[in-house]
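Following this line, the structures themselves.
Next, two complexes with chain A in common: one pairs it with chain B, the other with chain C.
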Partner chain A sequence: MSSSAVEPEAADLVCQLENVQGMVDSLSAVRWKRHQDAVVELSEHGIVLILEESNCLQAKVYLRKELFAQYDYNAEERPRFGVSLGLFVDCLSTFTVPGRASAIEIRYPGPDMQLLLKSLDSSDACIYAEIRTIIPDTVSWDYNFEPAGSVPLSFTVKSAALKEAIDDLEWPGSSIRINLKPAPPSVSFRGEGHGDLQIDLMYNVNSDLLLDFNCNHPVSHRYKYKFLRATTSNLPSSVMKENRGSKLTIGRGGMLKVQHLVPVGRAPFPNPHVIDSASHQQQPGRIAYIEFFVKPEEEEDDNRND
Partner chain B sequence: MEFSLSGNGLKTFSRCITCLARIGNELAIEASSSQLEFHTLNSSRSAYQSITFKPGFFDVYTIFGAQVKFSVLVKAVCAVLRTPIQSIDHLRVQLPDPDASKVQWTLECNNGMRKAYSITCNVEPDIQHLALDRNGFPSSLIVRPRDLNRLLANFQSSLQEITIIATETTSLPSDADSETGEKAVELRSYIDPTKGQLVSCEFTNDLNGEYLTAVLLTVDNDSSLHTQLWIDPTEEFVHYNHVGDPVDITFGVKEWKAFVSFCESCEVDIHLYFEKAGEPILMAPKVGLSDASGSNFDATLVLATMLTSQLREENPSEQPQRAASIPAQAVRQKEPQAQPESSHRATASEHPSDQTKIWSDLSGSAARSGSAAAEDRQTAEDRNLSATDLRQSQRLGRIQISENVPAGAPAASRHHNREKGPPEEAQDTPQVNDNAFSQRHPSNWVDATEVDDDDDDDDEDEMCIQSTPPYCEEH
Partner chain C sequence: MKFKAFLTENGVMLLERRFLPALDKLGKTCHLLLTKERVIFLHNLLNGDGIQCIAQFQKEVLFDDYRISSQNEDCIAFAVDLSLLQRAVRSSVSICSEFGAGGSPSNRLQIKLVKKLPPKCTQPMPYLTFETKGYKAAVIQDVPISKPLPRAQVLELRAALELAQELPLTLVQVPDLNQIQNYVDRMRHLGEMLNVSISKYGDLHLQISTALVSLGAEFRKLLVIGEKAQAPPEDENLSAETRHQRAIMRQDGQFVHVSVKHFAKSLQCNLTKPDCAFYGIAPEGASLTVIFQFFVPGTHQTDKSIGLHCRLPVLDPGTN
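Now for the complex of A and B:
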């Protein structure tokens, strides 16, 4: 509830971000097509963006409120609106200044339900943007990801290695089969097209390729290459530089969940224009969570494991 | 068959694949107990590359049975080697049995990933074997790739063919001409006069209306840059050997550059063996004594050269042929068709460098020298034949035609038709005098015979091109 009723209508959300580049990075990670419409949900916990394609691929970006220097949420019901992702990211990019952190304020809604962006860096110049939003006509399908069984089937792999493997898997020109085997603990990606390619990742104590591995029975599912590709095609370079890992989980029915952690860097020096109300001095790393859900391809013989 | 590679051997192997990929599409592999050979042929059959590895080159080399032969697409092997070499621990290639339909290329990466590529192979490759004896070539030169790249940088990057004119190095006593006399080698851009832009396309039916004939009229791309470079072989080459009459060879640049890059990355000099126009040339890395790994692998590139010599005048009555022949099948050779320009150069001195004939077709002039007329008339008429006829006229068994050449006929003709309008018929040859052959007076060229002096003589010849800006007003 907004108590400062100076304005006739208090905005649902006013938040300030110290370094807009982090937001650009995290939103870019879910760009796999030129034209994508994102559904944005605002809540007291943070901002979530949801994207979908052909009911087979869904991506979510979680920007928790702790990432923001200031986060004033005043809505009663969670606002939901649609916005063109490319437009939003390109617009945010215009606020970035190479070499230094740039702070912005995001406000919703504007007088006409727009998304309002304002630069906070300088006292004698201002960059200001309005982005038109649309009423989302579809309800985001909740992929209802459920664990496959009592023991999760998952592994964590270096994001850079995952991207390299998926890039290599373009060559066969076919859908990709992911196999998890408990003994010896290994993950393999296999494509059989005009040529065959199998990429094996072994899990052993010495290797830092697979950082985690949980599997108690063999699992095998096939996924369309272009959807798998979408999960890593635009990983920001900060992910590689910080040597982060991505977690892949296979849920019931073979649904694949791919999770990335994108650093939303903090400004190197405190920005005098931003009121730093959140206590994040001791935050270990300020991270945006990216999740992809990929539906498996139908198997002809349906006696595969979950 | 199985072999395995790592470290420096893998780096060399990767460079070999890169070079092979720039030459041809299909990679033929022949494995025997004594060696492993890769070879490829380019699509116009004018370049053949072969790379031979001795078993010692590999970490592991085993072969079951006598010999294994198969072929794969080079692109597929390039896909395997897309992974950066420094992140590969080792590469293992396995063909489970001689009739297997797939060959396995497995990469063990440093980070723990294993990538197993299964590439379809063709067990009956149809690439012929070609072996030329290096010692059978009378002339040769050795050049550093770095130096060669520097020389080639003078030519436009889109150049497709180049001519090397080699003359005997003379040991003249030092006099005024000696410095120029030592420029015994010339590199010259070769612009195929038949390759040009399509100007018009005319379709006619035969009498019965059954067959459609297409007449494609092409004209020269006159905007090409023509470059001539005279080189002193003692300065530019590590070694040069040519005795006898001047000789010229014209061949494709693209494959040559691929080989030069290959030698450069392997840090070896290029040994180029040649004989004369029409005979193929052979290139190989010059294995130095200090190059230990050189004994384990060898590479050769054979390029076909144009039959038509740029130097000599010979029987003009036969239609000049554009040649690109891999001499494995070479049977007989047509007489090289020459540039009928010798009359123009009759007054030239006998200095070897004058054999590097100076010609210029850069102008819009249709001037031709007399002796060329008859041939030109013929070739111009040939142009008007249907394109298919022209192609067929060249179809001697072994004559391989480079893809872009629609017709072989006017290849030798320097007096190619000009850009505007249909190809000219017989030029009015009697009126043309030799000087009009070239709008640029020969003395305008920095001829090897001349000392560099200002072109004082040029003013006197009305055909010359004034040096720009025309400082030399008529005093």
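Now for the complex of A and C:
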């Protein structure tokens, strides 16, 4: 693989990020196994990464253009390509420096349709990466998440508490049943396998853990443990430290949506090598949105469905 | 064959805190060559495999009252396990400090070459013995060593040492070994072979290239020792890879392939706390050399009494 001597004209996307660690954290959150291929979609709104497994689990990472210090989008049609997630994250990690924010430029496409990364921190020392991309498979599972009814069925729980609960539920070694009840307002996670384990969160009691709760009728669905586990297994330490809420929503048919917020921090001091075209605009919180969609297991007993 | 010397406080500090921990990371065992004037630790000089590393000290840096005699022009060489050596120095240090200030005559650390009969053995075996005499107790630690090398092997070792001292024609000074170490630690599991190219313009380029990814770091405008040249202005805005390819075509640069593992290992020499490091490629691309430089404390003058350098074998790119 060789890079051309002349920079490509009008790349589809050239963007600059002030602190690559935030992007490493966001993408790491959707790494639930060793080998994963991600589909990347570029648009005028930002970058989206999509991963899926077995038609039962899908994850999306939204990196809105406001997260970037510079975002120049020039494509006529939205570029879409496949890339190895592990490789992408490992490459981004090479740009991080402990204790310091590192700025990078991301460019697509390179002369051979590569994804190009380049450090911006110093003019006399430069780190670069060229990652081969592939033509992606069509995302086969059109999950089409819809609300369960006119009132959404959702609850928000502190991210660290959610991860701990799911980690503990590994013990029964079975599917996990999630029950939502309006009276008393509560959510429970239950596993029945090698012994039983039930974790209850009461909205009016565990208000330090259960931050929000919306439910107007009881609902109960089962989910395969390994897919549920994937939604929290690699939450970055920045999320655990900030410990905001992760929102879980049950949609039509029992589809579970799990949303996390990952901070994509700004550098403490302006980086002289980064052109910050966004500096004068009012910044929304510098957050990347992570969404997981988990299909429920089929129930033998139809009465338990919503 | 006789060897006896007292470790100085400076010697203990250099060995215990800086050099032995680093050398241990380079290889479990090494040869120790003691001459009339110098003390030299040598990794892989005789077997030709893996990274070669040479750490040499003028005897006064490490020892007082240094006495050596042998039939090989007063040279003695043997193999020693570095972790055992490190442990012996470390525990001797703690005994010295426990029983009073180090350096006073009553509790100096003496090292001696001896032959002792180990339990359940009929043959006496050679040891490097560490003896500390405190106010109330004497502690003796025996570090087992190999049989001292015969004359022919000592000569071979000394010849290999001479050969290893040859300097590349161009050396570039690396400003921050921590930066390189941090980078290599993160990129190392992405590939096995590292391309290293060095130009007379003062550019150092490290690259891992596989079917899926090409990852590189370029350090530019470094201080050059030896043969240097002016970088052509038209190369200024080229990519790192293209810039180095052009330099090599003009014979202003060289490149070699080395094992990422070896490169990362050589960076463990950073534990010796050098003041700077130089990279160079031997003539004909025979090896990659890295020379660590130490300054006289409080100055920018090279301390010529301490030397440390590594030579990394080069790989045939076809065997990636």
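We take it that the second predicted complex is superposed on the first by the 288 of 306 C-alpha atoms of A that agree within 3 Å, B and C clash if a C-alpha of one lies under 4 Å from a C-alpha of the other, contacts with A are read in each partner's own complex, and residues count from 1 in each chain.
Convention: a contact is a pair of C-beta atoms (placed from the backbone, for glycine too) under 8 Å apart; a residue touches a chain by one contact, two chains touch by 3 or more.
Just so it is clear, the model here is predicted, and its values are computed rather than measured.
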Q. Which partner does A:K158 reach: the first (chain B), the second (chain C), both, or neither?
A. first
(Q) With both complexes superposed on chain A, which partner does A:G173 reach: first (chain B), second (chain C), both or neither? (A) neither
Q.
For A:L197, using the defined touch cut-off, is the partner it touches chain B, chain C, both, or neither? Pick first, second, both or neither.
A. first
Q: Could you look at A:D90 and tell me whether it touches chain B, chain C, both or neither (first, second, both, neither)?
A: second
Q: Identify the partner contact of A:E130: answer first if only chain B is touched, second if only chain C is, both if each is, neither if none is.
A: second
Q. Now for A:P98: first (chain B), second (chain C), both, or neither, which partner does it touch?
A. second
Q: Based on the superposed arrangement, let me know which partner A:P218 touches: chain B (first), chain C (second), both, or neither?
A: neither
Q. Inside the complex, what are the residues of chain B that reach chain A?
A. 76, 79, 82-83, 102, 111-120
Q.
Applying the document's contact rule, which stretches of chain A touch chain C when the two form their complex?
A. 1-5, 84, 87, 90-91, 93-94, 96-98, 124-132
Q.
Touching residues of chain C toward chain A in the complex: what are they?
A. 179, 182-183, 186-187, 189-190, 209, 211-221, 238-242
Q: Using the touch rule from the top, collect the residues of chain A that touch chain B in their complex.
A: 158, 161, 164-165, 168, 171, 194-202, 207-210
